[in-house]
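So, here's a batch of structures to check.
What follows is a pair of complexes built around chain A, which joins chain B in one and chain C in the other.
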Partner chain A sequence: MTEAVSDFNLGETIVFWVCGGLAVLGALGMIISRKAVHSALFIALTMINLAILYVANAAPFLGMVQVIVYTGAVMMLFLFVLMVVGVDSSDSLVETIKGQRFAGLLLGIGLGLLLTVGIGSALTTSGDIGLTAANDAAGGNVQGLAQLMFDDYVVAFQATAALLITAAVGAMVLAHRERWTPRKSQPELSEERFRDGGHPGNRPSPGVYARHNAVDTPALLPDGSTSLDSVPGPLRARDDVRDVDPADVDEIRELTKGVDS
Partner chain B sequence: MEFISPELDYAALAPMIVVGVAAIISVLVEAFAPRSVRRFLQLVLVFTTLIGALVLVVLNSGMRVLTGGQSIALDGPAWIMQGTILILAILGGLLMAEGGVDPSGDAFAPRASALPGSEDERQFTIRGYLQTEVWPFLLFAVLGMMLFVASNDLLMMFIALEVMSLPLYLLAGMARRRRLLSQEAALKYFLLGAFSSAFFLFGAALIYGYSGSIAFGPISFAITTKAGENTLLLIGIAMLLVGLFFKIGAVPFHQWTPDVYQGAPTPVTGMMAATVKVAAFGALMRLLYVAFGGVRWDWEILLWIVAILSMLVGSIIAISQSDIKRMLAYSSIAQAGFILVGVVAASPQGLASVLFYLIAYGFTTIGAFAVISLVRNASGEATSIRDWAGLGKKSPLIAAIFSVFMLSLAGIPLTGGFIGKWGVFAAGVAAGDAWLVIVAVIASVIAAFFYVRVIVLMYFADPTPDTAAVVIPSGFTTVSLAAGATLTIALGIVPQPILDIIANAGVFIR
Partner chain C sequence: MSQFGLFGTDPWWLVIVKVLGIFVMLVLLTLFTIWWERRVVSRMQNRIGPNRVGPQGLLQSLMDGVKLALKEEILPKAAHRAVYWIAPVISATAAFLAFAVIPFGPTVSIFGVETPLQLTDFPVSVLYVLAIASIGVYGLVLAGWSSGSTYPLLGGLRSTAQVISYEIAMGLSFVAVFLYAGSMSTSQIVLAQEPIWFAVILLPSFLIYVTAMVGETNRAPFDLPEAEGELVGGFHTEYSSLKFALFFLAEYINMVTVSALATTLFLGGYLAPWPISLWESANTGWWPMVWWLLKVQIFIFVFIWLRGTLPRLRYDQFMKFGWKVLIPVALIWTIIVAAVRILRDQVALTNTELLIAGVVLILILLAGAWVLQGRAERREQQRDADRAARAERQLDLVPGAHPVPPMPSQTFEYTPRRSALLTTQATMKEAEDA
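== the complex of A and B ==
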């Protein structure tokens, strides 16, 4: 142990190993898990742990920004998008080039080892300035950042505006669907809906049966058959409609036998 | 603590400010101008801006300043590269403005958001919609490139790299024909580009760990004062180089090149191939010479390997290509290797030769892609080399112009490419890299084979029913093509004025 390492106190060491370990686990989970939602949650775990490490390393501003912007805003938006778009786990994982995955794994591990050993050995020999000294130079962490951002790096800071504008315009170009027909008016829409004998009024609500209360359970019609109309379209398209057990139907019929309908 | 507002040299930054502000105005035009006048307004805005910025660069070219803290260096080489980028962007912009070659509009999808092959897309095509957002993208990309060649700081360089790349990723995915190929190219370019950016960032972090700074001056100072303990430095340099090698398309970071060159709209391919090479080599040289000049012996070997691999892999794989755009993509990989020979030299002579090479290569490349955009059959551009058989008999002028470009790329005398190659190889020999130059000469001979093969095919094969026809373009492409061809020949016959300008520019300031 050199002098640089011994400056750490016990609490800091514990925080490092716990959060560092969790961050690595989250990163591994992100690439290993097959469901996009799980990956997103894993990366949120990694980010939160990194934020704690930043705070522990006397960079409270960076830690907070990491939580608010990345974990809070970006990852949660990402999750919303995943849930709304409904990406399922059936992404193709077939290797198109034979042996590609193995070669990639091998090279990745090789690079990882090289970097770990290289950086590890370098860190044991290099001295450090100390976090307090670095922060105090500009009168505090946030002040120091502000100094850099609005003085030395003001051009770089302005240039990021170009990046954001490009990203926003690019997203619009790739995703915004323009109409080439005039928008339909309310009467036209309603007329279109009923002309082909569409369902007037509300659709029946999903079945309840006093035990299931899920939207994927179809409602029962008076004759005991189920009404698929009561299940939302996307579920029907995905074949996610719950089967109705005939035994349940009989049971309910028994229970309601005496009741006048 | 009191804040002292930064002193910026606005005169020196003026060309970049003009391009940046114009890009934002261009976005506002998209937002507020009626569709019928957008294209006209954008064309006026873009070309006024680029020409105006070029004039400012020429007026500024005597300045040698560090500004924005230490993060921007505007010196002789920076002005030359900014000027070159602007001229090439004007020529590339002219290609992008061409509306008379494709019967259904310009080279871009009428609406990039419409599903390929959908009714929406058909309707937008029939109605003559144009995706005029390409113009703000062009301006932003040019802004990024101008900043990239002037970056004197790793953070500045990273932001410039992204400002330059992001619009290009988008432009690559907007081809009117073969939409799926184009979208695949854009996605590949974006994902691999993001990976390479991550490497660059990682490298920057390690360099900060080594030297305590990300500005080139202090890094270079740290290298002279901290002898011995440079593991972090070497890993950092390697990581930074991965990011930059990706942008110049050097082996083994070249995998995106053929797909992107093939999938992107041809005018964008031409613009990108020419300007990004200039920008990325400019940044690479500034990084290596200014920041890491002190450990030249350590990175030299890396550049040797990458240069040799690029020259050989690019030249050999290009021979087996059947698509002309893919062939030019592999050719650009080989050319990156040739230019690296000049970079390895790490001398004022090497710097000057690389600058000249980049200028000559840029004009030739834009011209070559201009020709490709004109050679068409019923389904769009005839990019299959087989369809070019006998073109010399059907359209002698275009075939002749294309031959000039191929000869220049092959480095045959009386073209700009020859002077460029000569300069780079001479600088290599002068720096003691004779073996590298020998490999480069062998690779040039291999490369000449596939360039000349196209010429032979155009002139010595008989036209078949499949032979493509040459479309007569409007003034936009004609000007660009004429400029490319004239400059390619002029640089080969009277290179002295340009060589003088480069010689007067001197070297990078610190």
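== the complex of A and C ==
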């Protein structure tokens, strides 16, 4: 171990303190911030900094996979859901389950103890052969991981995969909704649109040929009459359609005299 | 890391020179690509395109950039300031970062120092590009969310869904390359293509990657996040001035990045293409950088060509294509490649035996396709019959109302999934009547 400590150079120390500090800040920010989206961003910050630390500790594969899987996919799905659920939803601080906070605190301390004891005992009892030796034994960092996952612990790995897939399928089954009416196909929809004599194209825009293009000014047809189709429905319903100056109508009629309408 | 030779041994000033070189090259390439795109698309549409500023209009995008930077900055009232500010920064930074592992050429001598023409390399550098791309998505999604407006939010959601879906197919297309190169480092992958490019021996992977890279960069015909007919400008609707410029920059750099990655993984990176490779010193010195640039430009031309040719896909069709076509095909192809590798290396089959196995496999696949085709046709007929039956019956639960599950006393309209249940009910009724 002493040898490893002396191996630290200045760059590594700087990376550790900067990324470590940012990771802790992100973790704190995630707990403190009121908005769910901000929390998600802080946890993404923590994840990225941890990934950099992994890479600095000669575990490049782990670092990259951490970013691709957790930051890129899992956190992104979180953000996705948060954005769809509510742009402005902030967490309520009312305790909904009785004793929830106390239980949470207890479990948190328990987890911390377990991790400390577990990692501590692993560090003191297992004889470490050194990173270079471990990597060289399999022909590289990635190859070593592959050997562990797909050879030595393949059953555990596959079982975890099966568990995850079961969870995903379960979520889909729970969220599945039966269709009560058949889904209409595109040709059916388009037929429906025209069945009651729908307008085949865009409606005329307000104010065509008229002297004013405000939305409440109806367009003038070539024969000088007004086209109510050109005024939005709500305005028509409120009887808020502006009258057209009879002089304009006369002028249009004059202009289009002799033109087939 | 002995296999990485000279990587990580550069003096500090050389690292700075390389970083600056990459930065300047990317900015210049962006300016050039914008001009190139406008000229090519114009030509395809019988127009001339920008030709006023500078020779052939080459300085047009520089002028546009200056104008954009000097425009008024507008901050929407509903925007979340911090996130709104940081989103374009994330986008642009991620775009630049990905280029750190792209190899431009072999070892050259810069001011007397022998160094590879690549900023850095490590055992998983292709995964690094994927990781950086997934961080870049945060820029889009946060821009959409923080604008506090509907269209950007929808655009942001669309682009996330799109990039995540197409990243899977993209990652799967890499697997075959990793298997053949025996490495995930970009420089090693380039060297592994010395006799023949991976685009030739791994053609399906190459095609999947090219499709996925268009989806990944939000470019036409997959530019749904900024479909102007539906979403105004998509995630960057509310952005103006320099912040918008950063998004624009990121989009074009991403185009260059995915093209460079395609070149590295499939077109032999900086290695000279066939007729030139006959020339002895084609792969030495600074020449390879020219081949690299030409290959990247070919990809960029394809991007422009696609934009000038194809209409935009409908969103649901696009997602269906990604999940139900691209990913399964990529998976099957990966399995085939892995199986062939194992058969050749560990079972030690000869090439003839492999060929016979391949022919048998193709026959089996064709038979399977024939069976599936028959089933699909039958299903089609069934669907037409169902539709005809539906048109005859036309029983709405409550005509015109929102569709809700029927009460026990009500009968409901026929839907495909209900057919089994309906049959059962009919039989039961018959039994009761009898």
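Here is the rule we use: the second predicted complex is superposed on the first by the 132 of 261 C-alpha atoms of A that agree within 3 Å, B and C clash if a C-alpha of one lies under 4 Å from a C-alpha of the other, contacts with A are read in each partner's own complex, and residues count from 1 in each chain.
The rule is short, and it goes like this: a residue touches a chain if its C-beta (ideal position, glycine included) is under 8 Å from a C-beta of that chain, and two chains touch if they have at least 3 such contacts.
All of these numbers come straight from a predicted model, not from anything done at the bench.
Using the contact criterion defined above for the overlaid structures, shared-chain residue A:Ala138 touches chain B, although it does not reach chain C.
Contact with both chain B and chain C is seen for A:Trp180 once the two complexes are overlaid on the shared chain. Judged by the touch definition given at the top, the superposed model places A:Ile48 against chain C, while chain B stays out of reach. When the two complexes are overlaid on their common chain A, residue A:Ala73 makes contact with chain C while staying clear of chain B. Of the two partner chains, chain B is the only one that A:Asp151 touches; chain C does not reach it. Of the two partner chains, chain B is the only one touched by A:Thr125; chain C is not.
Contacts of A:Ala56 after superposition on the shared chain: neither chain B nor chain C is touched. Residue contacts after overlaying the shared chain place A:Ile252 against neither chain B nor chain C. Look at A:Ala167: by the touch rule set out above, it reaches chain B but stays clear of chain C.
Judged by the document's definition of touching, chain A residues 178, 180 lie at the interface with chain B and also at the interface with chain C.
For chain B in complex with chain A, the touching residues are 1, 3-6, 8, 13, 20, 23-24, 27, 30, 67-72, 111-114, 120, 123-124, 127, 129, 131, 133, 136-137, 140, 143-144, 147, 153, 155-156, 159-160, 162-163, 166-167, 169-170, 173-174, 206, 209-210, 212, 229, 231-232, 234-235.
Chain A makes touch with chain B in their complex at residues 115, 118-119, 121-123, 125-126, 129, 138-139, 143, 146-147, 150-156, 158-160, 162-163, 165-167, 169-170, 172-178, 180.
By the touch criterion given at the top, residues 37-38, 41, 44, 48, 51, 55, 60-61, 64-65, 67-68, 71-73, 76, 79-80, 83-84, 87, 140-142, 178-182, 185, 188 of chain A touch chain C in their complex. Residue ranges on chain C touching chain A, taken from their complex, read 83, 122-124, 127-128, 130-131, 133-135, 137-138, 141-142, 144-145, 148, 153, 156-157, 160-161, 164, 167, 171, 184, 386-387, 390, 396-397, 403-406, 412-417.
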